[in-house]
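Structures for review follow.
Each of the next two complexes has chain A plus one other chain: chain B in the first, chain C in the second.
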Partner chain A sequence: MALEQLIVNGLIAGAIYALMASGFSLVYNVLKFLHVAHGAIYVVGAFAGWWLARVVGVPLPAAIVGALVLSIIAGVLVDFVAYRPIRKKGEAALLMISFGVFIFVQSLVLLFFGADVKSYGLPIERGLDVAGAIITPLQISLIAISLVTMAALHVFLKFTKAGKAIRAVADDAEVARVVGISPERTILVTFILSSLLAGVAGVLVGMEQNIEHAMGLSAVISALTAAVIGGIGNVPAAVPGGFLLGIVENVGIFWLPSGWKAGISFALLIIFLFFRPKGLFGGKTRTV
Partner chain B sequence: MVFAYIANLLALAGIYGIVGISLNVAFGYTGLANLGHAALFGIGAYVSALLALSLGLPFWAALLVAGLFAAFIGWLLAWPTARLRGDYLALATLGFGFIVESVFKNWMDVTRGPLGIPGIPKPELFGFVFASTESYLLVVAFFLAITYFVVKRVVDSPFGRVLKAIREDELAAQSLGKHTHRYKALALALSGFFAGIAGSLFAHYITFIDPSSFTIFETILAFSIVIIGGMGSVEGALIGAALLTFLPEPLRFIGFPSAIIGPARQLIYAGLLIAIILKRPEGIRGEYAFGLGEKHAKSKQA
Partner chain C sequence: MKLAALIPVLAIVLIAGCIGQTIAPAGEEPIKIGAILPLSGPAAVWGESSREGMEIAREGLAAEGVDVVIIYEDSEANAAKGLAAYNKLKDLDNVDIVFSEFSRVSVPLVSLADDDKVPLIMSLVSADGVTEKSNYTFRYFTTASQYVDPHFEGRLNSDNYQTIGVIHLSDEYGESVAKWIRLRAAENGIEIVAEEKYDPGTLDFRTQLTKIKEKAPDAFLFVSATPTEVAGILKQARELQFASDIFEASSVLSASAARAAAGSAADGVYTNAYLFSLQLTGGDFRSAYIEKYGKDPLFSAGLAYDAVNMIAKASDGKKISGQQFVENMLALKTFDGTAGNVTIKPNREINPDLISVRIVNGTLVR
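Up next is the complex of A and B:
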């Protein structure tokens, strides 16, 4: 495949990674644990959109809104049932329960909807030729939606009261509490936001590709890799992290067989963990 | 027929029991959340299968080499543990696990990728072939006993007390003059050794291996075994392995189709993992609950 095409493919993948990574990074910054079940919320979003549009038969825009609402409900529910009771028990307990939730939700989706690959059934579009690469209008809007969502997230965190509360808790939960910021309320807003982002990513992937119950694992692994590359203490940095991961992964198969695509991103993860645990754009690191 | 069925479950429970005990050395005793544990199990399986098939090594030698090789890889894994801890260690070992899985899938010339390796020979001793399920159960029981006694010896020794000290407070252990990195490396090597042996037992039992048996989900299964049984308890890992092997079996008798049994099995062990962490974090037999120390679990039991 031509290099131009691989870069475009990398941008498309990167748009999704950026969405996933920023939601993952948000939870990490506020609660300081690896929210693996983020991948399950993404599966819920993708399947809710497919179910509403194809099984229930509501129009696509309504299905999308419904899917996002269901993603948020799923995310808040996970926090409420699984994380909240063990908030103070440390990162290992939270990480393990997060894996438990991930597998639980993925198995439920498999039980209810089966293992076959599903499609939103959108009409196939003719690709446009952009600088020697083929890209469909849907893919262009996917990248645009991702960038706009990221910008909106940035504005939210920077300028709204709830956004500032999130940044304050992320910075120092104790001090935030002392100045009167409610930690539980802030955590609720964090899960609403992060689950919305996962839902958007799930629906976009559903519209652009096929979906299956097992899609959550690679999504959350890419999300955490992109978050580490950008700098895990830094939510906006997840965006360049996501795009960089998408491009490196796709351009990498210019030289290596395509089966190694996943291996490339893990190698990148390990290289960053060893040599630049702060990521590209700094942020705080918890290594000692 | 009934006995072969039960023997099969016992053999699998025994193999996963070794996996659980080996993970317990790293996670339950030393506090190292090695999310690449299934990779060590897989390395043991592949090394043993390849040695037996291409070099014609007898099972017993292949098993030993597989254990030693997995121990070496576990020891290498200790390199990141010197610099990383907590979440970063989890991330690094997760990445390690995926890279190994990627190698299993893509190194076609050696591992045959997703096609897997068929025809792995059953063990043989003085002309007797352990071909039947019942006889293989003896082999598993033999290595399970060795694992049990060796690990039990190690964790109750002064060496084991240093491991627990690292889990509780690494800085304090260092201030007592312990080279904690060296201890962590040995813990991971020991963990890798028995994981590799379990992998070898698995490969020669099933006689076919492919990358799908050594994924992150097997790692989480191993963690479930340890957490459900009780972190830092050798017996707990055995109880956990037996529980997770036998508990989903009734599904088979209710007559669910196999398309439902697979996900239902996952649902059961994930649900059990969640419930245990929420309601009884020290597990069934544990003396230790996530970062809360031994005192907490003991006072709760009293």
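Up next is the complex of A and C:
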């Protein structure tokens, strides 16, 4: 029974990792830098949903929609204000400013909302026994929403004009421009999508656990790890990467002391970086 | 030429001024306190409330004509940042006393403070033996054993509890409390069937809880440091349908903010509470805090408030040497504060009383 429970626990965690890793990989795919501020957008999503639902008093479905809109606005603002002016200075500069934005947004959240832990106040649910493991209806919804969101993302990227534009700009922005695709507009769409994914993850975690201003760091580290495992820059591969990370982390400590949980995920990251840097399914790397 | 002639004169005046500054008699300047608090990060709820309590104390003393200077530094509940903060306070701000919170931040400072002969007053520090390592260190907080004894002397002292499962923080504080749990369990013939750890900042406890639940202990004890951790542990334990009675071997749940975060998951849990949390003491401070900040104070605010007042009393609000401060503090012998009347022991321990309580409908019940 414990092993089944650990697998379920891994799926719950993996669903969030997959969402975060997808958004992270999406930005890396197009702009070739680690969008650390993705963790800040996740925090904005979590707090925005809580604020709308618990402080403003908006019905929960509307609060969730509002949170996603605010996440998108935050992500687009980060691109316009922080990234766009220095895009030509290269990936190192973008990475540095991304760290700065992450810390700035986290501090803003602390300033406005304080350090108290926040809760959506949802009632504690009685878990359902599924194949020997306990899982609550909210956790089932979390996994389902995560999978549906990523399926929708996949359809968007593969079959829509904007999705094809993203793939074209990711391959070569200048060639894309020559054939009439606007890289700037495509980057905007990329940040909208990435921020939407972070917002969904933030809202889901906020509803399933609690939220506090420092929650973004562990989320972005997990996103990076899952993206590397799947193949950094390979957006669909972030899904199996995320679920694999979640399951290995949780099942790993069935045999190891639970204090090793963080160590397991970092060990997995190091193993992939050393032995399979392109990840499970290959990723985008720069050719020099 | 005339300007060049002025330079040695200016130099002499400057040097004389500096010498004059350094040999100014002690007692003329206000005492300067350096406060190393977790003002950001997961533990910021404690640091924020402590700062608020210290500010009320400072303003109260100022109204009585006693000037106390407090310089705040953010440790983020991180040892390295705490060290950097300490060095800055000592070297740049020349503070007379350091007030520090959290075991993982404060324990590394003990030897430094001892070397520098700077009095170090610690709160929210339960790690074992902290005052043994320096004659300049005071602890104004509960010891690790105080978190555990009320449960083992009370509810757990029963044939109903043959086995327990434990989950605790993997830092100095968590390890210290866990050590006392093991000791008391062995003394009472109770078997620890599962012991799991978690790192600070953890939000997902399901895996550790799953391993404990698998062993089906009669009771489940947890040691946590922040309302986030408490709420996460309790909610996830309830979702996993823990059948065991749940005990908190710390005092976080005595804070209303923690019980609010945990919601109905906290009902029926046994915890420890200070007299202040039970509203048996510290009424004046509570009223002043509510008036200024519009919310109920956490116990950490009261303890920090008391610390400033203790420092002011021991120093008479004036700059004195570290050695003199220590002697004056020990000479006080007792202090009447928000935690009630506490004893300042010769080993520099000042331990407020803790009472075992149960949470019923969000309220602490003795």
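Assume the second predicted complex is superposed on the first by the 283 of 288 C-alpha atoms of A that agree within 3 Å, B and C clash if a C-alpha of one lies under 4 Å from a C-alpha of the other, contacts with A are read in each partner's own complex, and residues count from 1 in each chain.
Keep in mind that, in the parts below, a residue touches a chain if its C-beta (ideal position, glycine included) is under 8 Å from a C-beta of that chain, and two chains touch if they have at least 3 such contacts.
Quantities reported herein were computed from a predicted structural model and do not represent experimental measurements.
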*asked:* With the two structures overlaid on chain A, would chain B and chain C clash, or do they fit side by side?
replied: clash
*Could you tell me if A:183 is touching chain B, chain C, both of them or neither one (first, second, both, neither)?*
neither
*Is A:108 contacted by the first partner chain B, the second partner chain C, both or neither?*
first
*Look at A:5 in the shared chain and tell me whether it touches chain B only, chain C only, both, or neither; answer first, second, both or neither.*
second
*Go through the superposed model and pick first if A:270 touches only chain B, second if only chain C, both, or neither.*
first
*What is the contact status of A:259 with respect to chain B (first) and chain C (second): first, second, both, or neither?*
both
*With the two complexes superposed on chain A, say which partner A:212 touches: chain B (first), chain C (second), both, or neither.*
second
*Could you say whether A:90 touches chain B, chain C, both of them, or neither, answering first, second, both or neither?*
first
*Quick one: which of 4-12, 76-84, 256-264 or 346-354 on chain C sits on top of chain B after the fit?*
76-84
*Which chain A residues lie in the overlap of the chain B contact set and the chain C contact set?*
106-107, 110, 114-115, 217, 257, 259, 262
*Please name which positions on chain A make contact with chain B in the complex.*
28, 32-34, 82, 85-86, 89-93, 95-97, 99-104, 106-108, 110-111, 114-115, 217, 221, 224-225, 228, 257, 259-260, 262-263, 266-267, 269-270, 273-274, 277, 286-288
_Touch list for chain B against partner chain A, complex_ = 31, 33, 80, 83-88, 90-92, 94-96, 98-99, 102-103, 105-106, 113, 216-217, 220, 223-224, 227, 259-260, 262-264, 266-267, 269-271, 273-274, 277-278, 281, 289-292
_Considering only the defined contacts, which chain C positions touch chain A in the complex?_
40-45, 47-48, 170, 196-199, 201, 203-204, 206-208, 210-211, 213-214, 226-228, 231-232, 235, 238-241, 257-258, 260-261, 263-265
*In the complex formed with chain C, which residues of chain A make contact?*
1-2, 5-6, 9, 12-13, 106-107, 110, 114-119, 121, 123-127, 134, 136, 139, 205, 209-210, 212-215, 217-218, 249-250, 253-254, 257-259, 261-262
